[in-house]
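Labels run A, B, C and D following the written order; every chain starts at residue 1.
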Amino acid sequence: MAERIISMYEAIAEAIAQEMERDPRVFVMGEDVGFYGGIFGATTGLWKKFGDERVRDTPISEMGFVGAAVGAALEGMRPIVEVMFVDFTGACFDQILNHMSKIQYMSGGQLKVPVVLMTAIGGGYNDAAQHSQCLYGLFAHLPGLKIVIPSTPYDAKGLMIQAIRDDNPVMYFFHKGLMGLPWMTIIEATWAPVPEEPYTIPFGVADIKREGKDVTIVAVAMMVHRALEAAKQLEKEGISVEVIDLRTLVPLDKEAIINSVKKTHRLLVVDEDYLSYGMSGEIVAIVAENALEYLDAPPKRLAVPDVPIPYSNTLEDFVIPSADRIAQAVKELLG
Amino acid sequence: MPVEKEKLIELYRTMLKIRLFEERVAEIYWEGKSPVFNIAADPIPGEMHLYIGEEAVATGVCAHLRPDDMVAGTHRSHGHYIAKGGDLKKLMAELFGKKTGLCQGKGGHMHLFDANLHFGCGGIIGAGIPHAVGAALAFKMQGRDNVAVSFIGDGAANIGAFHESLNLAAIWKLPLVVVVEDNLYAISVPKSKSTAVKSNAERAAAYGIPGVLVDGMDVMAVYEAAGEAIARARRGEGPSLIECLCYRYRGHFEGDPQLYKPEGEEEEWRKKDPIPNFRAKLIKEGILTEEEANKIQEEVAALVAEAEKFARESPWPEPEEALKHVFL
Amino acid sequence: MAIEKEKLLWMYEKMRTIRAFEEKVAELFAAGKIPGFVHLYIGEEAVAVGVCANLRDDDYITSTHRGHGHLIAKGGDIKLMMAELFGKKTGYCKGKGGSMHIADLDLGILGANGIVGGGLPIAIGAALAAKYLGTDRVVACFFGDGAANQGTFHEALNMASIWSLPVIFVCENNHYAISLHQHKHMHVTDIAERAKAYDIPGVVVDGNDVIAVYEAAEAAVKRARAGEGPTLIECKTYRHRGHFEGDPMVYRPKEEAEEWMKKDPIARFEAKLLEMGILTPSDITRIQEEIKAKVEEAVRFAEESPYPEPAEVLQDVYTE
Amino acid sequence: MRKLTFAQALNEALRQEMRRDPTIYVAGEDVGKYGGIFGVTAGLLEEFGEERVRDTPITESAIIGSAVGAAAAGLRPVVEIMFIDFIGVALDQLFNQAAKMKYMFGGKAKLPIVVRTTCGAGMCAAAQHSQSLEAWFMHIPGLKVVAPSTPYDAKGLLISSIRDDNPVFFIEHKMLYGLEGDVPEEPYTIPLGVADVKREGKDVTVVATMAMVHKALEAADELAKEGIEVEVVDPRTLSPLDKETIINSVKKTHHLVIVHEAVKQAGPGAEIAAMVAEEAFDYLDAPIKRVAAPFTPVPFSPVLESAYIPSKENITSAVKEVLGK
């Protein structure tokens, strides 16, 4: 039968809907997640299906409703909360930093906090410094949270179901530019085949989105697609690029990275997050610690130079890694 | 309707349990900390915030709670845990950092959790309020007639979480009771310098919910106010705010020189001490005899001694335990 | 009514300018000439103008994601604003900020803000500085009904009260936090009620009546300058357009919107001024023409301005 | 030379700067009458009065947010967040307002703010009062991050931070407050972004921060007995980071060990290791090693806490490992 093509936001909403049908403890909370269906569509259709009780619009009170998700989880519910933009987590950071991520540990394992906190990341549409950040690196530094960052509709659905069924707090980052929203620049990959039945994708298993032998590119979210684009370009010049999509930062599939580097002997990490003290540093450090002798050239990082995300097109395009700059970086790696 | 005899005696016993437990904790804490104060010194290391003087609040409120009602405490929560029916042995062992402690030595005095009693507390001012809101939301969604109680200090009533949580509980009509323990100081800053209103009970109007101010040194006053608020919550009529005027005899934490407290203030409050006053009342009203009261005193003291013995004799956790329980 | 003619005309022109500017922005956004998100102020003009009419150049304001109106009312230059919306080098923020982050410190505009409730604590600090430096400056702090549920609202009003700082908290209650109606996001009808929780005056005014706003703000500013502390003013109003351009607005009933359209602050004020004989129909046409020309000029300026150099992206992170 | 504790050195820096510049004020929880929970602001209220030494409610968002507004309006606030663990309730004001404002406004705003806070384990204060979160703030463009390890550095760096026109996040490790050291009486500055080689050596470079500097020095003493010469580099400022000093040291020793108390994953060490792998790859004779806290919250029990904090032994064995000994 013909494969069904849907967008990433539909895939996420479908995953949530199927889990809500399976498990009455699952419910959704957040700003405009109800009638509106979420500003980025991640809760499309849920309110119609499940009503006010299980799909709850909240006031603009991130500290209040993220904390409430923690409390509800402690009392046996499985909340999914949406914080509209990751940039807004500043308003509820304490709840993530000192409670959601730690209660299980501080209680000596007595309690569990099965919350899924989903939030939108990424720039590329002129939303400037307070609405375009990625920041998953900050949360990956925090023990107790699992960090999920899908790059395709297929991964988005499987990882969301996995996240909802996980007994640990999970932060699920979806990239606005990959949601397949009609009002954003559509890129092909955001509409893709997705099975209708529920399925899961295990955490900590990276996906090799493209095999290659000359260079390893490690990326997540939008950068996976930019890397694939670059790989296409480079193929014409006879350069074979391997693109690894980590899919989850915690747990991190170190093995996949190291094995790939052992094969290609060259590493480029591409990240839409700020360069310093982020995911890209951790991955290069892991390779420097565990596979240094396999490297034929210094590892390279391409990420947002350490500036806030600027508004103007020319400026924003300059800071967010593009396929061309990725290709350029690969060539530099190969000398 | 009059409160039955057993209940009154239970209230007295609970207050006494908290008082004697904490007085002993203070002694043990200082064992290792004089002449030189090293905060990390055994037998009880770390910060220590004691509840002595505020016993009537936790006692009067928790007397209405069932084991499966939820309580979110504070950084000063031994009293709340004991009043909720907590286990003195596990509590003391946790303070010592022993393997047999409530959290196997991972939490310590500020981070006490008991899954069976639906009890938790933490070290971040005001952070427990939204947790109680979430628990109340869960009760409502699960159709349980449980309530969630959040204890906070007067200092916490000025932090954003207070505002966001009460607003959320009000619009969703959740079974929540927020109890403000107004002990006059946010650490060293007097309430007059940190809180713009005389009584936080007045703030209830900002959320369209009832708010009452009670004498937190009078266990019966607290018991009655809490009884109403909790019954209201169980009936599904929404949240309430109770402010209890009380006083902490000791510092914000052990080692606090308390220079910010004016001369004679403590003496004034000591006159209102909830425990001797209540004891006298019960004897005067013929509910207890001197002998019975003394007997209770001895029984409680024995429980505390037993808890201490248990904690001292318990083993330390294995160092590798530090790596467990991050993820399930 | 003791407001002198010049002031009334100033207010009328400002309201008209805001409306014309915003309508042009809507048009340009639809035409794809302005990138990103824009949140338009159309329908709420009386609030910004009524409040800012009481402010001096050296007074401060903090604004919101829906800030164009506040900036214009405080004296912002629409050429630089338009250029910023286009992302041009000549814009207020050299193309780094965009609609949600325009600021002009020389005019005391401490910035629009992309974070709901983000401006409230900042206003406290500006007021603290005004007091600390012994000036009689005041701070007008604009925020929406949605922000009144944020923790920062609570912390800022409490602090302003205990330190009796010169702040005028102006709540623009347009009844929606994005798609959520006020009755679903708070359990009180009048946000001004909340002033009691901080022992400060709280007043409710018709936010679509610029005179009413002016008078309420006048009293609050007077109180603040006199060192008597903050005031909370709730202005009941309505945004004619969506939360942002592109918002389908399915969440709000037609009848409700129509009711409010009838209360359009500009139409009402215009009628009043005609009736008072301060304006004639010909004045109105003239003023509108003048404003139209200014807005067109702003657009021309923006279109003709260059984009910033990519390399500028690395500048302005730190003060050297 | 005169000796002061780490806390006294900070106190003297605040006092001398406040005397010099009337636009400097201090605000925070219990900074006034109490003199700061760790005594760093002791006596300031008596000397400068309530206008300039302001006790605040427990209201972190307003503490940092008001500093942003006050700085934008011409003051130089030095605010205290009692524990770095509390930053969660105020992070928006720090990372979306203070850090970005200048940039978003196209360079117009000048925000001379110092946010002082304490970090670190060792007091059995458990998971919400013992964290080392410096990596987060280094990841945020627009903030400078300072982390002294000695009384001398503490005074000079705090004075520089107060005189800097950018938001500076000044981290004080609470286990260092009692540490004594030589401190000149007159005011002096130490430039931000300049590392300090705390001990010279030729065999291996150990980059360590805050409390770990001292453990690294102890380890170095011990290793010296076995003929291993360790060079200990203390970055002192974490953002901007003095890459040059670190790279030059690695070029000399060809071996790198990084030590910090923050958890290893995505921590300061990851950035430093990546930077060296990128820029001094050819000089490395062995894989880099990071010595850091495990990926867990900070446990309470003394036994667990000491298992958590990197020890001198961890450092010596890491050094031997990279040297293949």
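Annotations
Methods note: a contact is a pair of C-beta atoms (placed from the backbone, for glycine too) under 8 Å apart; a residue touches a chain by one contact, two chains touch by 3 or more.
Just so it is clear, the model here is predicted, and its values are computed rather than measured.
The chains that touch chain A as well as chain D are B, C.
Using the average of C-alpha coordinates as each chain's centre, C ends up farthest from chain B.
Averaged C-alpha coordinates put the centre of chain C at 40 Å from the centre of chain D. Note: centroid distance chain A to chain C, computed from Cα atoms, is 36 Å.
Taking each chain's centre as the average of its CA atoms, chain B and chain C sit 45 Å apart.
Taken residue by residue, chain C touches two or more other chains at 91, 93, 95-97, 101, 113-115, 149-152, 155, 158, 162, 184-186, 317, whereas all remaining positions touch fewer.
Annotation for chain A: residues 58-59, 61, 63-64, 87-88, 90-91, 94-95, 98, 105-106, 128-130, 143-144, 306-308, 310 touch two or more other chains. For chain D, the set of residues that touch two or more other chains comprises 56-57, 59, 61, 85-86, 88-89, 92-93, 96, 103-104, 126-128, 141-142, 295-297, 299-300. Taken as a contact graph, the chains are fully connected, with every chain touching every other chain. Those residues of chain A that touch chain C in the shared complex are 31-32, 34-36, 39, 57-61, 63-64, 87-88, 90-91, 125-131, 183, 305-308, 310-315, 317-319. Residue ranges on chain B touching chain A, taken from their complex, read 70, 72, 101-107, 111, 113-115, 118, 120, 122-124, 127, 129-139, 141-142, 148, 160-161, 164-165, 167-168, 171-172, 324-328. Considering their complex, residues 29-30, 32-34, 37, 55-61, 85-86, 88-89, 122-129, 294-297, 299-308 of chain D touch chain B. Only residues 63, 87-91, 93-98, 101-102, 105-106, 128-130, 137-138, 140-141, 143-144, 250, 273-274, 276-285, 287-290, 292-293, 295, 297-301, 306-308, 310 of chain A touch chain D when the two sit together in their complex. Contact residues of chain C toward chain D in the complex are 60, 62, 91-97, 101, 103-105, 110-111, 113-115, 118, 120-130, 132-133, 139, 151-152, 155-156, 158-159, 162-163, 315-319.
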